[in-house]
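Structures given as structure tokens follow.
Both of the next two complexes hold chain A, though its partner changes from chain B to chain C.
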Partner chain A sequence: MSDRSSISIIIVRKTLMVTVPSDPDDATVSALQEEVLAAMQRVDAKGVVLDISSVETLDSFFARTVAETASMVSLMGGRTVVVGMRPSVAVTATQIGITLGGIETALSVERALDLLDRPAAGRRARR
Partner chain B sequence: MGTQFESRPGAQPGAAAAQTSSETQELVRLLIDNIRDYAIITLDPRGCVLSWNAAAERLKGWTAEEIIGQHFSRFYPPEDLPSGKTEMELKVASQEGRFEDEGWRVRKDGSRFWANVIITALRDAEGRLRGFGKVTRDLTARREAEEKIRKQAHEILEMAAVPVVQVWDGILLVPLIGTLNSQRTQQLMDRLLNKVMETASPVALLDITGVPAIDTQTAQHLIETIAAVRLLGSEVVLTGVRPSIAQTLVHLGIDLSNVSTRSSLSAGLRTAFELLELRVTPRAAAGG
Partner chain C sequence: MTVDVQGEVSICSEGDIVAARRSVREAVTELGFGLTDVTRIVTAASELARNVYKYGGGGVMRWRRLDNGGRRGIELEFSDHGPGIADVQLAMQQGYSSGKGLGLGLPAARRLMDELEIHTAPGAGTTVTSRKWCPP
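Let's look at the complex of A and B:
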């Protein structure tokens, strides 16, 4: 079982860098949420960067959990940025109607960190 | 044979006629032996090789000694044989006088070539079938050239359907022209998403100036594309929203309120610069 052992959370500049394993099962996804929230409290982080660049398939449970986690992180005073979604995953996600609930996204970890340094919701509001 | 050959202009008929005729026959034989581009062979009524010219040897690889007496099905790829293709060809040729075909044929070494084949029934004065003449031309080079042109045309069409160009460091442009159907949307999504990844571009301009009209489905396709690009972490600005399109979108009740939209491509480019925190200033002003 690839539960907690395969989830990696690194703390950089009060930000949680979370790497999601390539083929996360439901248990791993649930564990991920708990680990992230626990770490939020432990280090009083300002945000979460969720690197999903190794994820090859995205199911609705995973998408819902990520969106939920982002809302929970937000309640705890942080922001979540999803990084590195593969084109094929994005195509499937939009086709089956997964939107990640308007979560913030970035092309790279570097850009995600830049985004977290700026005032919240700056990107989407600027139209 | 009813045909008259006149080998020398101004030659006297009569006395020289017999000599001319045999000389003509000799010339025809030389023609068949020397011709390079046509493999000319004769078959007996059952389809076994009776004669074989030099071009046939060059094209197919067998020498006359090797092939004379063999059935002409030797020249066909194995998959053509069970269907009775060779019998059919001879039947058509004997009924209609000729048979023409283009297809793969096999050389002695097993390699294939694309051939144009004409089989002619050879009948004597009484109408008895004496055999068949078979003229084969190697069209492999022509076929390859045609194939290449077809492939290039297809590539050009595909490229023209959804071009994705990088107009600035970090800014991609997709000038959409013509109606957007599901298949094109799929292509657009694939190409745009891969290009966004490849160039790590934070902004993509989707220009619909060249899209004649927008309906609910087209709008849905655009919304899906925009959503997919955003999942990757890039922002899309929809440009070229002219008055008629704006009216249609509102009348159809299509909600684009969380999509950046601009009326012109230049306005969109300005928005892209803003998103990238770039500023374009006139040269004089830049100095001060």
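Let's look at the complex of A and C:
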């Protein structure tokens, strides 16, 4: 059974606001990637705010898909900010070596939107 | 209300990985593990259930409560009748994977649980048994 319908993407000021359901199956996680990329092109978005604040389990498949999606969004010229990782999820992810290296993160959607209003930080500016 | 002391989830589809996670979450929350440990155990279960589905061609997860002289814990056993693992040492190394994935599954589960044992042989399937104990 797929929770596909429970992915929500809304567009605010050319930014995709994506809400991830709390316990998505693998098909939903894969669908999320496809739908984000399709929406990027459709609305000419400048970036993605990926709200994982209700996610209770971030395993290696999920983390890999998030990391891949962020690099695909980057190839399309957008930025991805991952928002709201729960403390217990951050502890667990770090323990198993999931770093989401290079992906911008923020504690809240509000901070993520502020981040996207500013030019990309250090990593890119130095290039 | 009666409390289950063991349970079983068959893992034959992608959706069963979610069912395994939910079943483990319920069991370990009931046992009194804290939120971070619950997250660790459920994440380990997710990795091992996916291995059963993706590499083992399906199988079963069994969980049971442990009571060792008053110390409580959970045991998770994942069995499949797949091709088995030819080189367990290699499979336990971070970054190694025979299929799609980060090669994080087994090493991740070992880091998140207190104990983890693998019984496997080429052609004989794989059984991974892992345990986590409630902090005193």
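Methods note: the second predicted complex is superposed on the first by the 120 of 127 C-alpha atoms of A that agree within 3 Å, B and C clash if a C-alpha of one lies under 4 Å from a C-alpha of the other, contacts with A are read in each partner's own complex, and residues count from 1 in each chain.
FYI, contacts are C-beta pairs under 8 Å (C-beta built on N, C-alpha and C of every residue); 3 or more make two chains touch, one makes a residue touch a chain.
Small disclaimer: the values here were computed from a predicted structure and weren't measured.
With chain A as the common reference for superposition, the partners chain B and chain C occupy compatible, non-clashing space. Once the two complexes are laid over each other on the shared chain, residue contacts for A:F61 go to chain C alone; chain B is not touched.
Legend: residue contacts after superposition of the two complexes on their common chain; A:V83 is shown touching chain B, with no touch to chain C. After overlaying the two complexes on the shared chain, residue contacts for A:T105 are found with chain B alone; chain C is out of touch. Within the superposed three-chain model, A:V91 lies in touch with chain B and with chain C [touch as defined at top]. The minimum CA-CA separation between chain B and chain C in the overlaid arrangement is 8 Å, rounded to the whole angstrom. Residues common to the contacts of chain A with chain B and with chain C across the two structures: 86-87, 89, 91, 95.
Contact residues of chain B toward chain A in the complex are 189-190, 193-194, 196-197, 200-202, 224-225, 227-235, 258, 260, 274-275.
Within the complex formed with chain B, the chain A residues making contact are 81-87, 89-91, 93-95, 99-100, 102, 105-108, 111-112, 123-124, 126-127. The touching residues of chain C, counted against chain A in their complex, run 14-15, 17-18, 21-22, 25, 35-36, 38-40, 42-43, 46-47, 50, 94, 101-102, 104-105, 107-108, 111-112. Looking at the complex, you find that chain A touches chain C at residues 1-2, 23-27, 56-61, 63-64, 86-89, 91-92, 95-98.
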